[in-house]
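Heads up, the next two complexes both have subunit A, just with different partners, subunit B and then subunit C.
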Partner chain A sequence: MSGQADTRSASPGAEIAPRCRLSARINIRLLVLLAPISLLIALFLILPIAIMFNRALTGEDVIAAYVEVLRSPVYTTVFLTTLKISALTTIITLLLGYPVAFALRFGRPRYRAIVLMLIVLPYWLDFIVRSYSWMILLGRKGIVNELLIWIGVIDRPVKLLYSLGSVVTGMVQIMLPMMILTLFAAMLRIDARLMDAASIHGASRWRSFARVFLPLSLPGVYGASLLVFVTALGFYITPALLGGTSETMISQSMLLLASELLDWKTASIAGTLLLFVTSILVLVYNRLFSIDRLWGGS
Partner chain B sequence: MSRAVRGPKSGASVRLASLRKTFGNVRAVDDISLDIPAGSFVAFLGPSGSGKTTTLNLLAGFITPDSGEILFDDAPISRTPTHQRGIGMVFQSYALFPHMTVFDNVAFPLKMRGERDRGRVRERVAEALAMVQLGGYEKRYPRQLSGGQQQRVAMARALVSHPRLLLMDEPLGALDKKLRDQMQIEIKNIHRRVGSTFVYVTHDQNEALTMSDFIVVMRDGAIAQAGTPQELYDSPANEFVADFLGGANLVRGRITGADAASQRIAFEDGQEVVVPLAGETLEPGAAASLFVRPEGVTLAQPDDERTRLHGEVSEIVFLGNSFRVIATVAGQGFSALVGRDEIGGLSLGDRVGFAWENERSRAFASEAGGT
Partner chain C sequence: MGTYKITFSMNLLVGLVLFFLLFPVLVVVAISFSSAEFLTFPPPGLSLRWYEEIFSSYDWVNAFWITIKVGLLTALISVVLGVPAAFAIIRHSFFGKDMFNALILAALITPPIIKAMSIYLFYVELGLNNTIFGLALAHTVSGVPFVVINTAASLKSYDVNLERAACVHGASPLRSVLVITLPVIWAGVLVGAVFAFMQSAQELIVSIFVLGTVNRPLAVKLWEGVQVSTDPSIAAASTVLIGVAILSFLMVVLIKRRDGSLAP
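Moving on to the complex of A and B:
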């Protein structure tokens, strides 16, 4: 530091060596505490992935098998559909969730508790139940169609189910609480005094938001979006119930390959490819958006 | 383009008229009226919960008063939104924008207030940073700076657009003592150079005494006393102000009588003192405290006619340039600041007499639990 006036740092801690020994002892205890969950992860996550890799990367003509999967229009289409549905879900969830999280951040504590309850409430219902309720709502004789006819927007029922729209609607509804809660947690870490500082130095409400709050909330936005996107990639039940054949997602294909066609090798290859693509996406994303490092954050 | 450091504008006068603000059933600000002269340095001093910060937030416009009015240069502003009030502010936590460099932090008020000329912005930012001696730090981010440097950036940001009123909310609270003492002098200097009206909130009486032209002592949402530091120090209006501002002897007793110019206080041990009627005039029998500053008290022989109070020495503390002699008077502590050559052969347990000039003492209504 080339400080001129006041770059005094705190006096260095005197007793460093004993503290190190103490922390080593704590680390051993921590390892013991971590053992059960580590074992669980090793047995039920790492081992299956290893088996999948083993299936996908051994045997004769490995490369030929991959080329075949990648060449097959079925799988590339399913892959692209999966990415498209996940991206759409993420964007819509973000647009719907951000204002709610913002309102929660600056709302009165009394309303905050109620709204948080309402957001978490759907979590107590299973995915399948929620997906089925969309079938009732969006069906040919569902509430939405009846309502639209009653208002006079349409004069006969339109097809709402088994489309991209119904799949994304169902997935957005399921992912929204996760998006809101993650954003809200990130927004809570933003000092409210910064908004005061912006407004007293001449920024209108909108500009305080645009210049100060929004940029500071971006790391939270990136994190929450990534979480929703990656979770959406692996969705199975919702597209199965609410989608048509053109909304088939990769998890459905893999299930079909493994349990109906008993083609474990191709299923493993598809799984490996999904893992690979997801990892690449996360890496690229992290490189692009970890802007908090720019201003010295951890 | 070269200009004087100071623009043509100077400080704004501020008037608080019967200002009230209630939170739930707490009267945070309870009917405050006050005139702050243009260009002055005013400290709001008080313990936490006394209403000083609420008053500051009302001035800033972060909250609106329940009733009453705030006037800048005689124009009412309590309905003007914060961002149009043209104020600068230094926050206790500094509230620097963590995602902006020092330059962008300091340039922020200029840009928000419509300065489009980049050259002008650069010039004004450089000027503000030079004022707080942080030139060359433009490209750093706040978290790369020490607490003292962040404090300076906060000052530069608050002053860069030459606000006519600057609010400071315990700006030195997070700094260590040496740095705090240094910043007090610097802020005082800056105030003299820029000429804006400074309103400074603190709970530190030394800060208030060192820096301000006027001190407003607050208590329970009301003004306990307002005046120059000397006025408040020499003639406090009540026991609270006497106790809060500087060291004071406050010996509790009872009023036994009064005449046209003086009143008498008697203590538990039977001693009696006569004080001028300058403080509060109290009914005979009322609980009262004798007030006299330790530096106004001198030692005397117990049989000396100047002696007003007798006590037994319980502590002698060496302060470098003087001694603090603490004695027990009527079961309570009483201290005197005594020069090194006046201490003589005084030792613990000695009977000693205390003398002072009559007009330096007062009688105040005594509050239970006070010291």
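Moving on to the complex of A and C:
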């Protein structure tokens, strides 16, 4: 973008040899740069999905099959559970993540570096390992039960695992770094001079937060929440390990249908619905923020 | 002025969140050194028996190698395809750029189960199921966005005049990029490659579908282990992974520090 603007100003008086210009028109160079990755995504993401849906969803009884899936209490329950767990995860990560991102935004550089490092660290650990650690902690003989008994809240171990609580706990732990980092990146873009202006004009800290910082941070809040929500929709490992039958999420149903019941048709129908919701959210995200933001566009 | 003070209660919350994020990890590490046959925390005694068990097991060692092979291949292809794309995104404006951006985002967040089922059916036709290369290609779809994002971020803060200077002095455009630009932005590229590798190493569902249960990468082996076994050998395998993760993480931090930017 800026590369085009300063092609000339960079070397006043001297015309840069045409081959050295960075702002080539739409040409072969662009094609060479973009074709390989586009081909990969087209061939190994778009085409397979198109083939799968096309195969599963052609035929006379497609409408009937959709109606059957949508009317079956099993699948509607799974869909609703998926939405519920994803929404809960998003809300809790947001409530925990916002203050942390805020502290990072206004912390001193050293504080910022250390906290960031500790937040990113668990991001590198396998989902399986992180979910597994909750199995240890929340089990009947786990440390949480022992602690509750020791404090005297309960007098014998209670069932903590295989519940909505344990699934959401596990998913919140996994998604928190993503939420915090995305919020933090958005908060960095808020110009600190605006808060200066507010306080010069007599606003208290609270008032300048509520009237200046908070509203300006809202786009980041929406963006981060959308990203976390969409990722949560596709979760498989955590609900499978930490949830009971009533916490079954859509990915689990699809995997069961496809690999054990060999019912690819129903699995694909569930898949189109999942993909539909995901795509809408991705489009909304791209519309609102444009993923330019991901590489530091302002 | 203008900036806000970080209050004690806010610091307390930050501390609690960090504890919540890190404590479970410490538990896994502690249990891997347990002498007991079952999962209790804190462990009753210390031993290395679970490490001996996994390192003497052909299955575990083999799984480790499969993960490394698939991961390196994924990282390599991601770099080859992702770096040029980052140049296009940062340096050029072109028709359909928004759509291209959406495509990258879609590659990143299409639910794994949909990727897995569709790629499996597709590979049945191509005969790519049960191949390392096939799995690496499937993983590259999810890995390449990380390379694009990180390279683009580095390119954004790169001073193009360096490259122009080389070009004006007679280097070919390609040579100016390879000799002048790449050495400056390599940190971003490498960080992207490490992300792509980790993404591949942690991916479960596509691996299950594409490799079946004959060839198991580490994630699949862990997954099966978590479901059947209640002894700490899984914790030991996890700790090895944690070690790998921390090493690659430190690598990224060091690279970023040399690069002069600590923010991810």
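Please note the rule applied: the second predicted complex is superposed on the first by the 247 of 298 C-alpha atoms of A that agree within 3 Å, B and C clash if a C-alpha of one lies under 4 Å from a C-alpha of the other, contacts with A are read in each partner's own complex, and residues count from 1 in each chain.
The rule is simple: contacts are C-beta pairs under 8 Å (C-beta built on N, C-alpha and C of every residue); 3 or more make two chains touch, one makes a residue touch a chain.
This is a predicted model, so every value here is computed, not measured.
After overlaying the two complexes on the shared chain, residue contacts for A:P177 are found with subunit C alone; subunit B is out of touch. When both complexes are overlaid on chain A, the residue A:V32 reaches subunit C alone and has no touch with subunit B. In the superposition on chain A, A:G107 contacts subunit C only, with no contact to subunit B.
Counting residues of subunit A touched by each partner, subunit B versus subunit C, the larger count belongs to C.
Once the two complexes are laid over each other on the shared chain, residue contacts for A:S268 go to subunit C alone; subunit B is not touched. Using the contact criterion defined above for the overlaid structures, shared-chain residue A:D196 touches subunit B and also reaches subunit C.
Of the two partner chains placed by superposition, A:W150 touches none, neither subunit B nor subunit C. Overlaid on A, the two complexes show subunit B and subunit C touching the same residues of subunit A, namely 3-4, 193-194, 196-200, 205, 295-297. Per the touch definition, subunit A reaches subunit B in the complex via residues 2-9, 191, 193-194, 196-205, 207-208, 211-212, 215-216, 295-297.
On the subunit A side of its complex with subunit C, the touching residues are 1, 3-4, 10-11, 16-17, 19-20, 22-24, 26, 30, 32-34, 36-38, 40-41, 44-45, 47-49, 51-52, 55, 96-97, 99-100, 102-103, 106-107, 112-113, 115-122, 124-137, 139, 141-143, 173, 176-177, 181, 185, 188, 192-200, 205, 209, 213, 227, 230-231, 233-234, 236-237, 241, 250-251, 254-255, 258-259, 264, 267-268, 271, 274-275, 278-279, 282-283, 285-286, 290-292, 294-297. Across the complex, subunit C meets subunit A through its residues 1-6, 10-11, 13-14, 17-18, 20-25, 27-28, 31, 39-42, 77, 80-82, 84-95, 98, 100-107, 109-115, 117-119, 121-122, 137-138, 140-141, 144, 148-149, 152-153, 156-157, 160-161, 163-164, 167-168, 172-173, 176, 198, 201-202, 204-205, 208-209, 219, 222-223, 226, 234-235, 238, 241-242, 245-246, 248-249, 253, 262-264. Residues 60-62, 81-83, 85-89, 91, 93, 95-99, 108-109, 112-113, 133, 136, 141, 143-144, 146, 148-149, 152, 157-158, 161, 167, 179 of subunit B are the ones that touch subunit A when the two sit in their complex.
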